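The letters A, B, C and D name the chains in turn, as written, and every chain counts its residues from 1.
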């Protein structure tokens, strides 16, 4: 119960708050139909994303998933660029092409993008790990994905290769038990994903994804393994609070299940832990207020950038 | 050490002998360049194929692999049709299209073919299992494949679905430690394939593939599980005696490794066991002689059929 | 038999419903096709009506969706398999380019592969480069596949019913932009639309335009505008690419002496190339103007909804191209 | 600099060897490319010369081969990835149709994807429907990919070197039938063959024939026979399909007024369709005969070696088609 512990948890809490405050703005843009694409809210899963990213170096690679935004901001990406992507502005990270999370990018911070097809990141993270190994850079390549995506064949093909070549790769499965309307238990034979990685020779950790400190601790161990050439895997058990996308009212799902998920909110849990560690209510709420203010300002700034013109579609196809 | 044991083993030995005698003819056709495609000899792996097929029903489905021919004859296919395929005759099972093992077919005996791309049989066996389940047919769908093919993404995608739906499927991995010139240990992170299937919820057996009786026992247990809706998996440890294809002199491989593989010949092992069970040398050698005679006669008969004419390529594309 | 005005999506739903009621061997699987009724609502009620044995959700396993359908067909079922977006058919590459079209042929015709793959395609709603494609051209270049590209609710229903009863594999491309478009659809469960018969959507004498799926409404709108200028456009919707009703196209070009092909897929190596080059060869002597193609630009489709509109031919472009060809 | 007579396979080997020596970021992976030197012997010595870190065998993981190459390129390498047969590129569908061509564009051009995929293609040796295809047409319909289709040892070397130095993804189709064909190849490690420049393999005035890869020798043989009849054929080998040197083709057709395209892939929706329809549009006024395509039949390729010969255009057919067009 040191001051250090409190400071560490405050830092994690701050990243969770930033991710959530940003997501709140994106949800508002989606509900007002200013953003008309799909957004997949990550509410309830911020602890995993903040916890893992807290142990990464700036130059470590990140391939993120579609659910939520916390990994992006926690890895260092400027929210103005992210909101620029949602608003379809040339100031967005994709220069006006992207209109959603799907393809945010920030090479400076090792954020190498996301594919539209699930499971893209297994093979790409393997390739990034290979590059780091051959170029002797000591960077690790991380990939986040859901329980659904973990059924994709690329998991296996990349997995055996990563294990054989001892690539510095860390995979993080955010197991929220759902893929759109499909319950994991109904469409895959097991509830647990980590044993699949273990069977390939990965070092594995299974962790409560709602407890950001537990995630951080697991990620610290796992990332050290990965950096040392022992591919590593974290399965974080979590819950999806919202629908698959903003606007999905989840008719296929038990009300109780959602209610339970809400109770195990990683921000609430961290607040309780912070108070136990001696933080004041004011400390905690000022972090949230700052995050909200930051994201409001970011949205204002993102709006200053113009929308692209039609020729934009012909730019950037070739190097 | 009953008479029954001896009779059982003699039956298994007979199937191994038939497979090898047929392969000898195909090797001869390949070496004489009468057959000019690729043949992948299964010498040393006959015990797995004969052992598993011995517990299958005639109407159980078989998706075989490229290595050797024993599964075909053991599952009931007429060697005249197989040799017809190698000789490119219209009397072959593909009516003159096929010129090798790759696509032999025999619907009567549940032999549903093989793809040119490795890993095809994972998804197809799942589909066959689904059909059996929906149509309440009580048939099981088997698929044979190598250690190399087990890295294909289709393994995982079909595997989770088979497990979720409790399909009557039995997969048999003939783990000979090589994929062409690549050693399993060098290109995949582990030596063992069965744990991957276990992690998906399959019932698994690991067995010495050189011991046909052990294979049969494992296959009996596994096929019963599969028929009862518990997907099952057999990993049979074995060795590839010959090169990847007939003519491959295996410069990439240790001479010792090959020599060792030859010693653990499943036919030799079965001979020893037969003698122990009271069979005579004459019993054993007459089985071999019969097999050789059968395959010689089959080749003669296969040759009676004509070669196809050029229009053959336009037949059978559409139903 | 009566007809009812229903949407394109609902017409597809009815086709499946009726065929599942008729033939117990018809099964349906794909992501979210069960309890949820499909992410676009196309499979609503089917789970409730035909049960969990025959209507099944799968995980993120496109290789299984297509390859498993082939296996199920080998085993005597008549599967309808849905990929959530047509782009994902390309994910299941080995299964859609190899297993589905070639398994029967490779094995000397020993069995049939009565599979229907339902693939919602085209640009709509800012879903980006990997959820917006119109990949029918890739599959037209793959011998062994039949291909349907319906543009109306009635065709969607009638063609899907034909597809389900067909013993060959069919890829059934549905246009997501059309899902909510309504039209009169027969309630007759035996009314099929045959494959290989084009539909002349509008008769005309000055120019033949070939278009299908989502481009048909745009071309008809353009034809209407051109009519006001006194230009008479014949609009042909092939409805299926395989088999392709060449006769109807050729007869029309013999009449109009001019041909324009409009499609959404990128221009280069798009399906228009096949139709244009066949016309340029077989109808060489009939043509009074070059055969022209109007198609999507050769770029991936951006996610920005404002920009994606630049990625398929719009009415004014069709009008301009038609005018130019007629005045050649 | 001197030239040496070496095989097409060996020319490819030299290109890789030289580029790996020049640039330590160039790595190579694929099945059996290491100790074995490739199932067709194309990568011999590279493992010994450039070491196990840079020359790596993989398991049966085509998805990784292509997707991993994209990731490695993002991480600063310049990977050469080999699929054992070009057909297997279709197995890696998501990776070859999506990740490889679209990752840069989707992410607003934030990085380059300097990947070369080597893909041995075409009919040879009775390896059947899934090991004999010429899938370049599928990839030509995919914006974001450059495509090389060399027909001679010198081009194979020079184009591969250009491909390795290119910052865009390249699919490099090698013709297996040509691996043992010899030709004079420069030893100059800086002699590159640029993309987008067709080669006029033979000059002529009566008919333009466009052909690439394995069809070039057949077309040249046909041209020789036709010359004996007094018919003068111009043979154009585009060498790369993307970029495509339209100017050279157009100039030739302006001279000959006649165009025949010959390729091995199936006729329908094959690459000939793009070239023919472009000619039929842009060169409409120049043509004295229909643009014709001669191509593989619309069937999967049988495994029987006697039958596979019926699956790509043979010299007599080329001669007959050329004669017919010239006499039109």
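Note that a residue touches a chain if its C-beta (ideal position, glycine included) is under 8 Å from a C-beta of that chain, and two chains touch if they have at least 3 such contacts.
To keep track of the chains, here are their UniProt names: A, B, C, D = Unannotated protein.
In this text, all values refer to a predicted model and were calculated from it rather than measured experimentally.
**Q** Give me the set of chains touching chain C intersected with the set touching chain D.
**A** Looking at chain D and chain C together, the chains touching each of them are A, B.
**Q** B-C or B-D: which has the larger count of contacting C-beta pairs?
**A** Of B-C and B-D, more C-beta pairs in contact link B-C.
**Q** Rounded to the nearest whole Å, what is the centre-to-centre distance of chain A and chain D, using the mean of the C-alpha atoms as each centre?
**A** Here the centre of chain D sits 41 Å away from the centre of chain A.
**Q** State, to the nearest whole Å, the distance from the C-alpha centre of chain B to the C-alpha centre of chain D.
**A** Using C-alpha averages as centres, the distance is 37 Å.
**Q** So the centre of each chain is just the mean of its C-alpha atoms; given that, what is the distance between chain A and chain B in Å?
**A** Centre-to-centre distance between chain A and chain B: 45 Å.
**Q** Touching at least two other chains at once: which residues of chain A meet that condition?
**A** 94, 96-98, 102-103, 115-117, 119, 151-154, 157, 160-161, 164, 186-188, 317
**Q** What are the residues of chain C that contact at least two other chains?
**A** 58-59, 61, 63, 87, 91, 94, 98, 105-106, 128-130, 143-144, 298-300, 303
**Q** Please classify the inter-chain touch graph. Allowed labels: line, ring, star, complete, other.
**A** Its topology is that of a complete graph.
**Q** For the complex, give me every residue of chain B touching chain D.
**A** On the chain B side, the touching residues are 36-38, 88, 94, 96-100, 102-103, 115-119, 148-149, 151-153, 179-182, 184, 186-188, 251-252, 307-308, 310, 312-314, 317.
**Q** Quick one: in the complex, what on chain A touches chain D?
**A** Contacts found on chain A: 61, 92-98, 102-103, 105, 107, 112-113, 115-117, 119-120, 122-135, 141, 153-154, 157-158, 160-161, 164-165, 315-319.
**Q** Sort out for me which residues of chain B touch chain A in the complex.
**A** By the definition above, chain B touches chain A via 151-157, 159-164, 186-190, 195-196, 198-201, 231.
**Q** Taking the touch rule as given, give the residues of chain C at its contact with chain A in the complex, in rising order.
**A** Residues of chain C touching chain A: 31-32, 34-36, 39, 57-61, 63, 87-88, 91, 125-131, 297-300, 302-307, 310-311.
**Q** Spell out the part of chain D that touches chain A in their complex, as residue ranges.
**A** Against chain A, chain D makes touches at 25, 27, 53-54, 56, 58-59, 61-64, 66-77, 79, 94-95, 98-99, 103-114, 143-144, 166-168.
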